[in-house]
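Going in written order, the chains are labelled A, B, C and D, and every chain counts its residues from 1.
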Amino acid sequence: MKCGVVVFPGSNCDHDCLYALGQIPNATAAPVWHESTDLSGLDCVILPGGFSYGDYLRSGSLASHSPVMQAVRRFAASGGFVLGVCNGWQVLLEAGMLPGAMLPNRSLKFRCRYVTLRVDNVHTPFTTQYSEGQLIQLPIAHGEGNYWIDDAGLRRLQSNGQIVFTYADRDGTASSEANPNGSIANIAGICSPEGNILGMMPHPERAVESILGSVDGAAVFASVQAFTQCKSRVHHAIQGGTH
Amino acid sequence: MEFTAEVYVTLKPSILDPQGSAVGSTLSDLGYTEIHEVRVGKYLTLNFEAQDQERAQQQLNELCQRILSNPVIEDYRFKVVEVGR
Amino acid sequence: MEFTAEVYVTLKPSILDPQGSAVGSTLSDLGYTEIHEVRVGKYLTLNFEAQDQERAQQQLNELCQRILSNPVIEDYRFKVVEVGR
Amino acid sequence: MPLATNYWQKLGLTNEEYATIAKRLERVPNELETALFAVMWSEHCGYKHSRRQLRKFPTTGPFVLQGPGENAGVLDIGDNQAIVMKIESHNHPSAIEPYQGAATGVGGILRDIFTMGARPIANLNSLRFGSLQVPRTKYLLAGCVAGIAGYGNCTGVPTIGGEVQFYDCYTGNPLVNAMAVGLLDWDMPLARGSAVGVGNPVLVVGSATGRDGIHGATFASVELTDTSEEDRPAVQVGDPFAEKLLIEACLEAIKTGFIVGIQDMGAAGLTSSACEMADRGGCGIEIDLDLVPRREKAMTPYELMLSESQERMLMVARKGTEGQVIRLFDRWGVKATVVGHVTADSQLRLLQQGQVIADVPASLLADAPVYTPAASRPTYLSKAQSFNPHTLPVPADLTELLGQLLESPNITSKWPVYEQYDHMVQTNTVVPPGADAAVIRIKGTKKAVAFTTDCNPLYCYLDPWTGAAAAVAEASRNLVCSGAKPMAITDCLNFGNPEKPEVFWQFSQCIDGMVSACRTLDIPVISGNVSFYNETNGAAVYPTPVVGMAGLITDLNRLTPMGFQEQGDLIVLLGETLPELGGTQYLKVVHGLEQGTPPTIDLGKECRLQSLILRAIEDGLVASAHDCSEGGLAVTIAEACFAGGHGATVFLLDHMENKAALLFGESQSRVVISVNERQLASLQRLAGAFEVPCQLIGRVSGQSLTIRVSSDPDISGQIVVDAPITELKSRYDQGLLKALA
């Protein structure tokens, strides 16, 4: 699997993503500059966390207009995998590539801590290595993760299975105590209807080594890796047939 | 021609405003009980060049829609004035 | 009587506005080169109770000075209107 | 306009200083030149009252690559890697505008780090506020923490540790000390803040210059009085986004080898950076002020030279490379502009419209006079020290007392503060905030580095020498408990007005105490900062010599947690509990007193204790280690329970008739460790060899903390503390929120 990690001015989890991907067998990763429009040869594009353009105006808003985002849009439209983590999800929302919007945390404070997540959809390219309803521990670190969408939009997310991660208690309940930021329906991550675009507030790249406290994030990258391998095998088979 | 614009960006009324409610509850903690609702929005001022008032209006509207506000959650309003008028 | 107020809080002119300058330079990167300066401030709306217009003004002024702005780096301006008028 | 006679006094120069300048220049300086001297010879830039004292610190040692004198100190951690660190105060700006004051404090200290070519890998912050009964204290705390978070989080540097304490003396003058740490691969020469190579271009890099913080340097050198609320524009606004770009661009630029010297623009802006670079390089610098990018119209030379606009650097590039350098910065959206060049004559020369408007020797500007003010022992000391706390009644319910201490502001968990800091970014934080020391692993190696900041200002107030020695000892002990060998100190000395003999006495006593501890424990000082004039309406803060310290863990396997690990492990107290209650949190919380003789410190004993712990960890004997500090033995044991999620049954021999001293006394040189039962004999043997008292005091067991006290080892004694861990922990966790509500 070849991943590109986009570097916007102000991205600060780009190095962490590159490092985490280095821990995943059969994955390679390279940075993609925000002015670049060439994503050819990549299987997956990651929009990392950080404070793109200082998060000025609205988190992710200025970055969503950068040249690379035109390319990311085309890349996704042609079926490429796009993962937006934290600020990366905010960029995807501002770019209109995922529905809804982000508001400041209910507490108005930045929060950095581990949270428990329930995996609600294991059929996306990013989550096949999890089991349905599995509870995982990932860190969050954000000031604006209070996801909002209107009622109709929420119903659509629910009925399409687009809710991928939900903040939950230790017993799996999406209680308000388990909600770190006020996000609607405790939503921690959503995907596009086709499943190839995922946006999430928690940081899987910070949880790929036990020395850091959790390895629960590794499955996100391992899932894409496995999915890509599978996809290319199918691709080969089809191409082989036409030879 | 040089124009100056004032842009007001506010959260849509249906959306809970975390910042506004925080200010509101701080105020009532401090004893300002007569305050009922507070909402916090953005107030931007821009200086820019345009051919005439009509284009200025049009350009600004596009700017507001594309960048200065997020139509999913925000409304906007603006005023354009020619500088030196 | 019920009043509604609009409060504008802006950074003092001599103070750096990092947000405004980042927005300004990004807008020019995006091709809106005719934009010269952007400054970003706050726009608050409040509903509140007061005895009369004069006290309403007075109360709001105090509020702005003590809480809604930081006089060290910000200026403020406001408008008070009686509701239903 | 004719100048007022003695106008230099308004700028902060004394008549004698002005006369010295004129004599050494062999002419009368013009007004601009006088202003340059005034800032460079201010306390803030010139260290007039502290320089002689600071020379007492040991500054060399096996780890030291660069001691004091550069922008930050540098430590060799092997494999051609180095740690760069420095601490700095931003007390006065934070008192007036807490968010921006604290934020720009972080920004400034980060620039000191990446100026050296090091990537910033950690921030720490040491905060002191006044009474929580005063509403403004909550505002200051919230603002400072949000400002530190806002800046550190945006720049992508994890904030991994620090302190927050509350004493009434800080009500009008909070302390905000920011420390930063960087990692450097020194396969090439260190980047240095010096101007060399005649003809090399001098560049201003980063944000445009505005009228921010003019007088900032002199302002920090004058006592805060009520009028300073009017002095407001002296506060600057930080732009962490600009800083982040500056970090990336500078690190990339330094790697090219095109950069000869680089220096951040801190206090006194262009003046001090140009002057210091010229002085260090033994060269001159000529600057054409017309070329300096500015944010505002009609700025005077004085304003351009003194502006403290943030996120700016001064740089000397190799001649001919300036085009490439400018393009490199431009790619990051950072403006770099040639404003002058290096000259052979060691003058700082300023030009405007082709005219020379200032021309003075850089070395003279950098050579502020050194004073040794009068010192006298403060009168409060005899009374405070003679107070005897042992006659006070001890409350009957010691379980409740433990709960009270656990939720008291100086002991309670600071999670509501550090939760606002991104302490995980860069994915190296192996011990996050909450333990004795924070630990950062070095990717690609088995190594890790540990950091802490410490100072108990109440001890320092009650006995400056002892308090300062204890600060060094505690910092070192915190590192040792995590398994790290202490390498070096960066110190931030916060005091009142040094021109007052009592304050200067406190200052010199503290220095002497630190020096003794540094020498005995063999830990040099490699960088630091002095902040004087921390007073409100004539009353000085407690002497507060904050010790920031770095330690090295050569093998991550030796990383030692502070919490109890396994049910059944034995709990051992290393060190000795003496009947000491002066200056304790027990006295403060229960009796409302900040009095008495603080715990004594025997540095030889401390040194043996720390050597023992490191050795025991190396031998694999230690399951967990936590040092005793504020709140004493009972609090230490409770914290080890919380951190590990286990209960404990403890039995203490009472040899001194005062249960408060036994449980809550703060005797120095003590550590609570837990060991597997099979290791006990080895540990005892080792402790004997190091001559450290080693007392088996209990066992990790269940989910409650039970403490029994008896005066006879054969009698089971009386249960004095008994509570479920969850109950105690909830008080420990809720304390700060409760105090702030």
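Keep in mind that, in the parts below, a contact is a pair of C-beta atoms (placed from the backbone, for glycine too) under 8 Å apart; a residue touches a chain by one contact, two chains touch by 3 or more.
It should be emphasised that the depicted structure is a prediction, and the values quoted were computed from it without experimental measurement.
Visitor: By label order, what chains touch subunit B and subunit D together?
Guide: Per touch definition, common to subunit B and subunit D: A, C.
Visitor: Is the number of contacting C-beta pairs greater for A-D or for A-C?
Guide: Of the two interfaces, A-D and A-C, more C-beta pairs touch across A-D.
Visitor: Please compute the C-alpha centroid of subunit A, do the same for subunit C, then give the distance between them in whole Å.
Guide: Taking the average C-alpha coordinate of subunit A and of subunit C, the gap between them is 36 Å.
Visitor: From the mean C-alpha coordinate of subunit A to that of subunit B, what's the distance rounded to whole Å?
Guide: Roughly 31 Å separates the two chain centres.
Visitor: Between subunit B and subunit C, what distance separates the C-alpha centroids? Give it in angstrom.
Guide: Their C-alpha centroids are separated by 10 Å.
Visitor: Subunit B: which residues touch two or more other chains?
Guide: As it turns out, subunit B has residues touching two or more other chains at 67.
Visitor: Hunt down the residues of subunit D that sit against at least two other chains at once, touch-wise.
Guide: Subunit D, residues with two or more chain partners: 239, 241-242, 333.
Visitor: At least two partner chains per residue is the criterion; list those residues in subunit A.
Guide: Those would be 53-54, 56-57, 62, 65.
Visitor: On the basis of the stated criterion, which chains touch which? Give every pair.
Guide: Once each pair is checked, the touching ones are A-B, A-C, A-D, B-C, C-D.
Visitor: Inside the complex, what are the residues of subunit A that reach subunit B?
Guide: Its residues touching subunit B are 57-58, 61-62, 65, 93-94, 99-101, 103-106, 108, 146, 148, 150, 182.
Visitor: Taking the complex as given, what residues does subunit B use to touch subunit C?
Guide: Those residues of subunit B that touch subunit C are 2, 8-10, 20, 23, 26-27, 30, 32, 34-50, 59, 63, 67.
Visitor: Taking the touch rule as given, give the residues of subunit C at its contact with subunit A in the complex, in rising order.
Guide: 18-19, 22-23, 26, 30, 40
Visitor: Subunit A touches which residues of subunit D in the complex?
Guide: 146, 149-150, 153-156, 239-242, 244-245, 332-333, 418-427, 429-430, 441, 443, 556
Visitor: Write out the stretch or stretches of subunit C touching subunit D in their complex.
Guide: Listed in rising order, the residues are 11-12, 14-18, 21-22, 25, 70-73.
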